[in-house]
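The following pair of complexes shares a single chain, subunit A, combined with subunit B in the former and subunit C in the latter.
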Partner chain A sequence: MTWVKERQGALVTAGILVAVVVILLATGEKESLVIGVITGSAYGLLALGLVLIYKSSGVFNFAQGEFGTVAVYTLYLLHFEVSYGFALLGALAAAVVFGVLVERIVVRPLFDAPRVTVLVATAGVALLSIGVEIWFGEATVRPVDRSFPTLDRFTVLGVNISDQRLLLLGALVGLAILLALFFNRTNLGLAILGASQEPTATELMGISVKRLSTIVWALAALLGGLAGVLAVPEGGGFTPGVLTTGFLIPAFTAAVLGGMNSLPGAFLGGVIVGVVEAVATSAPIFEDIPGTPGTLLVFAVLLVVLIIRPQGLLGKAA
Partner chain B sequence: MAVDVEERPAAPPSAEAPARPQPFRPSILGWILRLVVWAGVAWVVLVFPLGREAFEVQQYAQAVIYGIIGLSLNVLLGYVGQISLGHQAFVGIGAFTAAYAVSEQGQSVWVAVAVAAAVGGLQALILGGASLRITGLYFALVTLAYGLVAERNIFQIEELTGGGQGQPAPKPNGFESDWRYYYLCLAFLAVIMWIDWRMMRTKSGRAMLALRENPRVASTFGVNVKLLQLFAFVVSGAFAGVGGALLAFNDTFVSPETWDFNLALIFVIMTVVGGLRSRVGVVIGSAFFALIGYLLDKFTFIQDGLNAIPGAPDLTPEIAPLVIGPILLLLTLVFFPGGIGQQIRPIQRWLGGKRFDLKDRGLKEVQISDVRA
Partner chain C sequence: MSQRSRVVVALVAVSLLGMAACGQKSGVAGTEVSTGGATGETGGGEQAGGDSGRGTGAEPAQHEPGPNNTSGVTDSEIIIGVHAPVTGASPLPQRTFDIGKDIYWRFLAETDPTALGGRRVRVVFRDDEFNPRRAVQVCREMVENENAFLLVGGGGADQITACAKYASDNGVPYFSAGVNEEGLTDLDTYYALSLTYAQQAPLIAQRLKDEGLEKVGVLIQDTPSFGDYHDAFVQAAEDAGLDVVADESINKTASEAEALASIQKLKDADAEAVSLITSPVVYLGLANGARNQDYQPLFIGPGITSGLNQVLQFGCPATGNGEFFSPFPELDVIGQLDPDYVPAYEQFGGGATPDDIGLALWGLNKGIRAAFDLAGENLGRAEVMNAIESGEAIDTGVYPAAVYTPDDHFGGTGAHLLKADCGTQQYRTEEQFVEAATDE
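== the complex of A and B ==
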């Protein structure tokens, strides 16, 4: 019985996943399943960055989406000058630089401030970033290239899978595993966890908590940047603040659903939120909801999770 | 020793006790100076907007309405320490409700404002009832998601919003001219400020301040923390509804496009920059954000300076708050946690007949960090 109790979250998750798959296949919504997993992996990738920052500093980072948008803009601008590969590297570098700047200028001076203050500050960073993007770039839709042009290498349950989508899913799974290993096996990962729980004790062990914070924000920005450059080309084009308006809330819902401190949870949550959104968009019973039904359903998921199981599916109760 | 004390004759309280320092009274000159400044403030608020062009008066009225919206967020953020990142939903739904009541239902404007306030309060009651058991970061997240739901679902209901072209909201009878409507908004602001002031003087108001400081301690003193948080949220929602209704009549129509994430953040920023728990500061901060575009037009040298940045297009009135706001927010959070309210406190005290004391910044811990996770 203890075995069941300890793994309650994982079992509930497995149950939900099986139920969702069965229902979707039975109702003929199998396309939604595939589309959902793919959009969900973008949410999951963004959620990984959110969880990373929450795990290490207890902050909800509302600028996470903007890390991605900055990368997309850089990719767009650099691609006029250099080949795609270099532009991609430059884009990720730009995201990391932005992340480090945010940490240095905004997060560090608020090191001892309550966490909600930092939340407001990161939301301010997101707004500033959007404002500057509109100011210099105007609110027009711009196209951005995919990493790989092939659009229909596979067909799963009637949906063409492009190479870009495969790359996105692969990157998400790979990064989730790598990050889990990083936190459990490496000294640096353990130090980051230690610093989040006992900053003073960590300092006494001779580890610079501030340097760790910089590393974490750089890593999170890299994840956000990856989410941007991999997911946005699938949408066809981008506008200022594209990842904040379109991806941030589902990503947060994914992170909360999976458990704010669980990296595999972010991955799972992303997939589930993606499927929920895809079903809401295509299933006939949600047709009467005005506007985009996906938004409403994701909000409902967020509320239900927070009320029934605030620690999330795979998270540990605080 | 005890005997010693007994033998000492009790000093008559009035005669030998050191004279208590007389309360400070300004000199005649001081009073005149204060009166002049008061008159100046009154002139700027009451007389200056008179006889301006309709377009400008409309901007001033918007500044006053933003003051109401700022006060509405102040109740939640300043008094009970919870943050709403979806306040544009409350203001927007208030605006649409009022416009709908007037245009589609043929109600009078007074009924419309009352209904908008009630709907705002009701929304807060439902959303707060469901989600205030989770506070802090998670509450912020829920309100943010709710704002998005309002934008993508509620404002897509065509009967309410009149579809893409928006819902008309004609100005009330007797207040058709812009400056009369401006005075009406001022009256509403005064009423809201008065309610806010009286509310904070009640037992519940003090309990709110206490629970923000420390919910657990407050709860051991018999403060019903959840109920008061919900109450504050409802009051905040009702104020936001009034603000939304006035905004609708000021623009004479409401468009579904206006109410986005950016606006929600501007509302939070103007309240924080204004200075939490300082009514005057919040109103000044909010008015400033409503007038940024107007000020940019008036003071062209700012625009010229910005054009010196290579490749920078004009900073239009729509974008200006998005760029300037966050910078002011970050400066406020890091360097001046008390916002404008704390900075102008010496002037405020001086105007109230006290000594001018630059060191008197009010309570030291006045800052956004009162928001508890």
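== the complex of A and C ==
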């Protein structure tokens, strides 16, 4: 009984998801289901970074998308000079360096400031980054290649799945599990959680909270960078601020939907946002909704979830 | 709050959202722009020349000179204000726009110093950020602060519509390549220098018929501006005996999931061609989505920006199946149509390679020069508009000729058909000066 009670949220969520999947399959929206999963994985990967920083410091990081955009720009520029593999590594390294710089220059000086101040500061970082990207490279579309060229590795319910998508989905699932294990099973992960809840006690234990902060931001930047280099090439091209303008709000929604302190929740939230967007575009019942039925429906779902379960689908109440 | 209460509140919230959505008229969201300021006031602000009765049902009146009729014109200079998106959701490249915006005027000043009564044309440019509200703001700045004599829209239908409304309210002549008709039909001072999207619909349907394609999908960006094209195309397709198998709209900032879902519906409907009207960025996303799904329909539509070579440079091979009707031809034939363009670009372009954005602006500026010539040396806003509406053709040799009357400012008569060529990453001019059917 205790086991069931402890996992009530996850079980209810699983039940609802199974029901939704059955309804989608029964109503002929099977393709939307697949499209939603493969496109929502990009939101999920970005959401993982958001949850990581929120979980460790209570900050909503509006610069998370720019970690990805910096990686995409670096990939684009380096690919003229070196092979794709090295360009990819360079792109991820650039994202990590950027994340560390943001932590050292912007976040650390605000360590004791109210969290809302740090939130505004990260929004400032995002806007400044987009401005710099436009300044140096114009607001024009640029092409960026995929890691793998195969477009139809599998066909699932009538939708082609490319190797790049598989990589993105695999990365998301793998990282969500690894990070959950990291926070639950490793000393460093527990130290990060401890620092977020009791920074003074953590310092007294001889652990440098500021050093932990740097590690978390570097890790979050790596996740943002991965989201950028894996998701953006599927769209064929990018413009300045591509992840901030195109992915950040859905990723935030995914993170809140899944539970801001749940890493598997970020994965789940991303997939749900993707599926809802795809269904809202595809299902005849929504075709008379003007403008952005996807956004409307996503926020309706978010509202319902938050009213019923304020901590998110897989989140734990504070 | 108890669990039961939460469920009730949630259901009420969703119901309200649903009702709000169902109650909206299609395309309402996000594009209603107030021009503010001197709107509708007489004698105030920049009210200059526009006082005609177009759209009132009475005999169209001549434009009367207002207090700012010659604002922006001196004995030595004419100031033109140009706006276009070089940042925002669907930007044009700023550098090429900066280079191309006044090459024609610099060429004219050098080769024919006595043209326009010896006046030089100075072009003021503002970025409208792909945002109609911002477009109105920059147009107001150009007219009120920079004394622009007339305004030119370089791209982006919603921004052109918003700024043209401001221009009309303030008596300022406004020129653009033809876009939508909705929102522009009743504007006294707006002039389309080429066929509108709706006027191109029969050409597109005919082209599809000629190509032997029967099953056609329609995919239109969800903005009020494009409603007229949608209706015109569906009618033209019906007239041409085509089968419209899918009829979709897409958000102007569509996510990947939305783009992919739209493409999947077109694929499921077995559409052999897609009549498309979206921003280039959305087109790139759709074309990539189609390619990923092993679906290669012919993408066809009216194209000012989707028919630019940049779409191929960034979008090939996904955009390799594109055909667009365009007001301007491509670089492959411009040497025959206007031998001055390439040398002028090379001379005044600061070493840049001639491109089709420069070509679009070159043709547009040639059209404006022709309008100035019709007005004669005594340049005023009212004089220019009255001259344009005289029925004399404005023929640049680049854009197809345009003819205006007091009650018809959509004067385009034809278009060029451009076909994508991913081998060269440039559009090829498949047909030149394709004529639109004239009204009986």
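The rule is short, and it goes like this: the second predicted complex is superposed on the first by the 316 of 318 C-alpha atoms of A that agree within 3 Å, B and C clash if a C-alpha of one lies under 4 Å from a C-alpha of the other, contacts with A are read in each partner's own complex, and residues count from 1 in each chain.
The working rule: contacts are C-beta pairs under 8 Å (C-beta built on N, C-alpha and C of every residue); 3 or more make two chains touch, one makes a residue touch a chain.
Note that this is a predicted model, so its numbers are computed, not measured.
Participant: Overlaying the two complexes on subunit A, which is it for subunit B and subunit C: clash or fit?
Facilitator: Clash - subunit B and subunit C, as placed by superposing on subunit A, overlap.
Participant: Contacts for A:S162 in the overlay, against subunit B (first) and subunit C (second): which applies, first, second, both or neither?
Facilitator: Second partner only, subunit C.
Participant: Could you look at A:S282 and tell me whether it touches subunit B, subunit C, both or neither (first, second, both, neither)?
Facilitator: second
Participant: Between subunit B (first) and subunit C (second), which, if any, makes contact with A:Q197: first, second, both or neither?
Facilitator: The answer is neither, since A:Q197 touches no partner chain.
Participant: Between subunit B (first) and subunit C (second), which, if any, makes contact with A:L296: first, second, both or neither?
Facilitator: A:L296 sits against subunit B and subunit C alike.
Participant: Report for A:S208: first if it touches subunit B alone, second if subunit C alone, otherwise both or neither.
Facilitator: In the superposition, A:S208 contacts neither subunit B nor subunit C.
Participant: Taking the superposition on A as described, I'd like to know which of subunit B and subunit C A:Q8 touches: first, second, both or neither.
Facilitator: So A:Q8 meets neither subunit B nor subunit C here.
Participant: After lining up the shared chain so the two structures overlap, which partner does A:T186 touch, if you call subunit B first and subunit C second: first, second, both or neither?
Facilitator: Neither partner.
Participant: Given 5-13, 95-103 or 131-139, which one is the stretch of subunit C whose C-alpha atoms run into subunit B?
Facilitator: The one stretch of subunit C in steric conflict with subunit B is 131-139.
Participant: Quick check on my understanding: which residues of subunit A belong to both its subunit B contact set and its subunit C contact set?
Facilitator: 134, 138, 245, 289-293, 296, 303, 307
Participant: Give the list of subunit A residues in touch with subunit C in this complex.
Facilitator: 31-32, 35-36, 39-40, 42, 134, 138-143, 151-152, 158-160, 162, 231, 234-237, 239-240, 245-246, 250, 274, 277-282, 288-294, 296, 300, 303-304, 307-308
Participant: If we count contacts the way the header does, which residues on subunit B are in touch with subunit A in the complex?
Facilitator: Of all residues in subunit B, those touching subunit A are 83, 85, 130-131, 133-134, 136-138, 140-142, 144-146, 148-149, 152-158, 260-262, 265-266, 268-269, 272, 311-313, 315, 319, 321-323, 325-327, 329-330, 333-334, 367-369, 371-373.
Participant: Spell out the residues on subunit A that touch subunit B in their complex, using ranges where they run on.
Facilitator: It is residues 58, 60, 62, 105-106, 109-110, 113-117, 119-121, 123-128, 130-132, 134-136, 138, 244-245, 249, 252-253, 256, 289-293, 295-296, 298-299, 302-303, 306-307, 310 of subunit A that touch subunit B.
Participant: Quick one: in the complex, what on subunit C touches subunit A?
Facilitator: By the definition above, subunit C touches subunit A via 3, 6-7, 9-10, 13-14, 17-18, 21-22, 24-30, 86-89, 91-95, 222, 250-251, 253, 255-258, 260-262, 264-265, 268, 280-281, 284-285, 287-288, 291-294, 310, 313-315, 318.
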